[in-house]
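Input: structures, listed below.
First subunit A sits with subunit B, and in the next complex the same chain sits with subunit C.
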Partner chain A sequence: MTFDVNVLPTHFPELIDGLLLTLRICLLSMAFGAFGALFLCLGKLSGRGSGYHVSVFVIDFFRTIPEVVLIFWIYSCLPLLFGARLSAEVCGIMALSLLVAANVAEIMRAGVQSTDQGQLEAAMSLGVPAHTIWLRIVIPPALQRMAPAFVNFMTELIKATSLLSTIGVAEMVYQANVLGNRTFAYVEFLTLVATIFFAIIFPLSLFVRHAEARLAHQKSR
Partner chain B sequence: MAGKQVVIDCRNVVKRYGTFTALRDVSTRVHKGEVVCVIGPSGSGKSTLLRAFNGLEAIQVGMIEVLGLHMPGTRKELEAIRRRAGMVFQGFNLFNHMSIRENLLLAPMTALGLTRDLADDRAQNLLDRVGIGNQIDKYPTQLSGGQQQRVAIARALMMQPEVMLFDEPTSALDPEMVGEVLDVMRDLASQGMTMVVVTHEMGFAREVGDRILFMADGQLLVDQPPDVFFASPTDERQAVFLSKVL
Partner chain C sequence: MAALDELIEVSGGRTTRICLTIALVGVLAAGIWSLNWETLLNLHFGDLWRFRVAVLKGLGMTLTLTSAAAACGILAGTLLAIVMQSPVRPLRWFVVGYIELFRNTPILVQLIWIHFALPILTGVPTTAFVSGVIAIVLQASAYFSEIVRAGIQSVPPGYREASDALGIPVHTRWMRVILPPAFRTMIPPLVNMTISFLKTSAILTVLSVGELMTVATRISNATFRPIEILTVVAAVYFFFGWLISRLTGRIEAATARRETR
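Showing the complex of A and B:
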């Protein structure tokens, strides 16, 4: 077996294309998913009524089923049920957005519910208007407490994009496979892809570790 | 006190948590300029009563009027009462993600519509008055417990309240910091502030209080001036309590 790095540079453009698609899918799923998460989170926080029950069901359902099943389902079953074929990329973004919505909704809810009750009472006792309490007392510390869990989930999402290669989305892992097929340099390309994932995700993990330590330190004071 | 304006009027108040009754038929009045100290063993309902005066506890029976307004009323009415009645908590409850200045400015600017300049002046004056004027740009966790509680008092005073409610303001403090907080409260009382103080500081209650309310098991058992209260207990539980704390 040989490990010939010289094969890599000639195919960088394809790999870069794959990487850019990976990042684009992540960003779009994050954006759509976070928007949906906001509603699911509010629904769950409302604590009663149909909004609550729908939110709880959606969150539990999409957090429970395997990602691959969700991806295949949207890619293969949606066209059968509705007759419209969507591109693999759109299907992938839909599947990942649902994952983001369900998971981030839980992260948001935990952040809001960990609001310091004493601070809430202090703000109320001062007669601070309700919307100001949300904007100034509840949300900023909640965002800070959410950050580690949120970034941690982001690393999971980046990894999950590689599953989209199974439905033919030409993201980085798909490209590496194609290039391996063409050049037989599987080892080189897949190693490079692993390295790129590591280079993106490891700093994020370090941030999570650091942010969690800082939060623990704040709590102990 | 008959001729004086009633600031808090509380009649036949009952508060239950599930099957537990925290307040049993409590009635009392607080008049303008009075310092009323509420004492009693833990679990006696004194904090619950004080919190009910600020609408932080809902009551099941009876009625509470604060500054002539019926509690709790609509959300707007409750906010209006709270803007005129300051509250200080055992755990300070400062907004830890905001500087001391922001802690003080938040309510006056958003609830009263004060301009930043005006609120800033008021904040600086109040912090000077409670002895920590040089800490205005620090964060709460950078201050000692005693300093944090003085900030909390200043934060409540920013609203220029007509009555101040203190919920065991020194109970969470290290002993050497109790004095500095009591000094601020003494100063407030001497300037004629109407105050209701739930406290375990018997010395403070005796010296500063105009009336002592003694509570046990959710009942208001005794309402006496301090000299009578401490010298000649009339209630059995009061006598037992005093024998333990004095």
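Showing the complex of A and C:
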């Protein structure tokens, strides 16, 4: 077979467009999702009542169904159900936002619930005001413990954006397919896209590894 | 977490619950108000009954793919994790490179790459199913090996040192000393990973492998009614994911009981 790298540079603009779209979708769905995650996390932490049950179900549901099913469901059912026109990109961002909301809510909940029991009891018995306990005792270590899980989920999210090519969002994998169809250099473009994904995700997963090792080290001390 | 619950109550748990309930009612009301009732009232879930055989076949394929990914993944992942502990440095680097490669690129890209580029490279044409299985197993081995590695590292170093001191052969050391306790700590992450490969198997729909999602897309294209079938399929996936996680609760409880005896 031939592996002709020379076709690649002439089509860099399209691939860069795809890359920017991938990043934009990631950022937007992360922002919307974080907002939703806050509510879901509050609901799950509140312990009982309708908010709690709905949050638990929503989190479990969107963490368990496959991303592809979610993306297709939103793309082909939401416009029918609400009689609205939605572009593929908007549908994709919606689907990924739900994914982010459910997963990040679970990460946040785990972070808060892993608060050191002794510290908490000490602060409560000393009569420290509730908001000071949250700001000084619960949230800072929770954020630190959440960091690796959160970045790990971020890598999953970046990988999940590639699935939006199935509904025709013009992100990197879609562009690679289109360019492959045009130039017949499928393997070259796919390899390049895989390399770009690797270059983005690998530093993040290195960070996860380091952060996890550091946390384990802290715990063992 | 008694203290945390107390803290939540002290810092306005009741108010939070009331606000969340109000927000929930608001969201529901807005949703119901903006629904397109004409479509909703014209849904016929009963029509799907005639596709039951196709859906069951798709489900069978999905479960086959999931179990293939889990079984081969755990097996190959364990081997990779053991090789990672080997003193030969190039061997270790090779395994690390393999794992990082498959963990840090999207499965969709791997899948398309394996389906289109591998036949060109090797000269052996593969069917969509074979490419799908290769891709999902390769990715599974990389993901599972990370879990197994963590499991092996959680075994106290004393086990290994003791087995070295007793002159236990390498094979026995792995099979009887290090791996059994490692696997017990690994049950929860292994199950989570299996559920996540149940989800991954749906991605093979881009090659039309014939699993549940492929069947769903075909039915929705044939009937022009995506809502019914996609909703049912989402529910089926949810049910099986829930079932797997429920089963593990049992396995965990059983192993815990055996431990305490």
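Here, the second predicted complex is superposed on the first by the 221 of 221 C-alpha atoms of A that agree within 3 Å, B and C clash if a C-alpha of one lies under 4 Å from a C-alpha of the other, contacts with A are read in each partner's own complex, and residues count from 1 in each chain.
In the analysis below, a contact is a pair of C-beta atoms (placed from the backbone, for glycine too) under 8 Å apart; a residue touches a chain by one contact, two chains touch by 3 or more.
As the structure is a computational prediction, the values presented were derived from the model and not from experiment.
Chemist: Under the stated touch criterion, which partner chain does A:A31 make contact with: subunit B (first), subunit C (second), both, or neither?
Modeler: Touch partners of A:A31: none, neither subunit B nor subunit C.
Chemist: Determine, under the contact definition given at the top, whether A:E121 touches first (subunit B), second (subunit C), both, or neither.
Modeler: both
Chemist: Looking at the overlay, what does A:I65 touch: subunit B (first), subunit C (second), both, or neither?
Modeler: The answer is second: A:I65 touches subunit C but not subunit B.
Chemist: According to the stated criteria, A:A130 is in contact with first (subunit B), second (subunit C), both, or neither; which is it?
Modeler: both
Chemist: After superposition on the shared chain, which partner residues are touched by A:P141: those of subunit B (first), subunit C (second), both, or neither?
Modeler: The first partner, subunit B, only.
Chemist: A:C77 in the overlay: touching subunit B, subunit C, both, or neither? Say first, second, both or neither.
Modeler: The second partner, subunit C, only.
Chemist: Tell me which touches more residues of subunit A here: subunit C or subunit B.
Modeler: After superposition, C is the partner touching more of subunit A.
Chemist: Contact-wise, after the overlay, does A:T191 reach subunit B, subunit C, both or neither (first, second, both, neither)?
Modeler: Touch status of A:T191: second partner only.
Chemist: Shared contact residues on subunit A for subunit B and subunit C?
Modeler: In subunit A, residues 121, 124, 130 are touched by subunit B and also by subunit C.
Chemist: Provide the residue numbers of subunit B that touch subunit A in the complex, in ascending order.
Modeler: That would be residues 54-56, 75, 79-83, 85-87, 89, 91-98, 106-107, 110-111, 141, 152, 155-156, 159 of subunit B.
Chemist: How about subunit A: which of its residues touch subunit B in the complex?
Modeler: 116, 118-119, 121-130, 132, 136-137, 140-141, 144, 218, 221
Chemist: Can you list the residues on subunit A that touch subunit C in the complex?
Modeler: Interface residues on the subunit A side: 1, 39, 42-43, 45-52, 54-55, 60-61, 64-70, 72-73, 76-77, 80-83, 112-113, 115, 117, 120-121, 124, 130-131, 133-134, 138, 155, 158-160, 162-163, 165-166, 173, 177, 186-187, 190-191, 193-194, 197-198, 201-202, 205.
Chemist: Help me check something: in the complex, which residues belonging to subunit C touch subunit A?
Modeler: Against subunit A, the touching part of subunit C is residues 1, 3-8, 10-13, 16-17, 20-21, 23-24, 34-36, 39-40, 100-101, 103-110, 112-113, 116-117, 120-121, 195, 198-203, 205-206, 213, 216-217, 220, 226-227, 230-231, 233-234, 237-238, 241-242.
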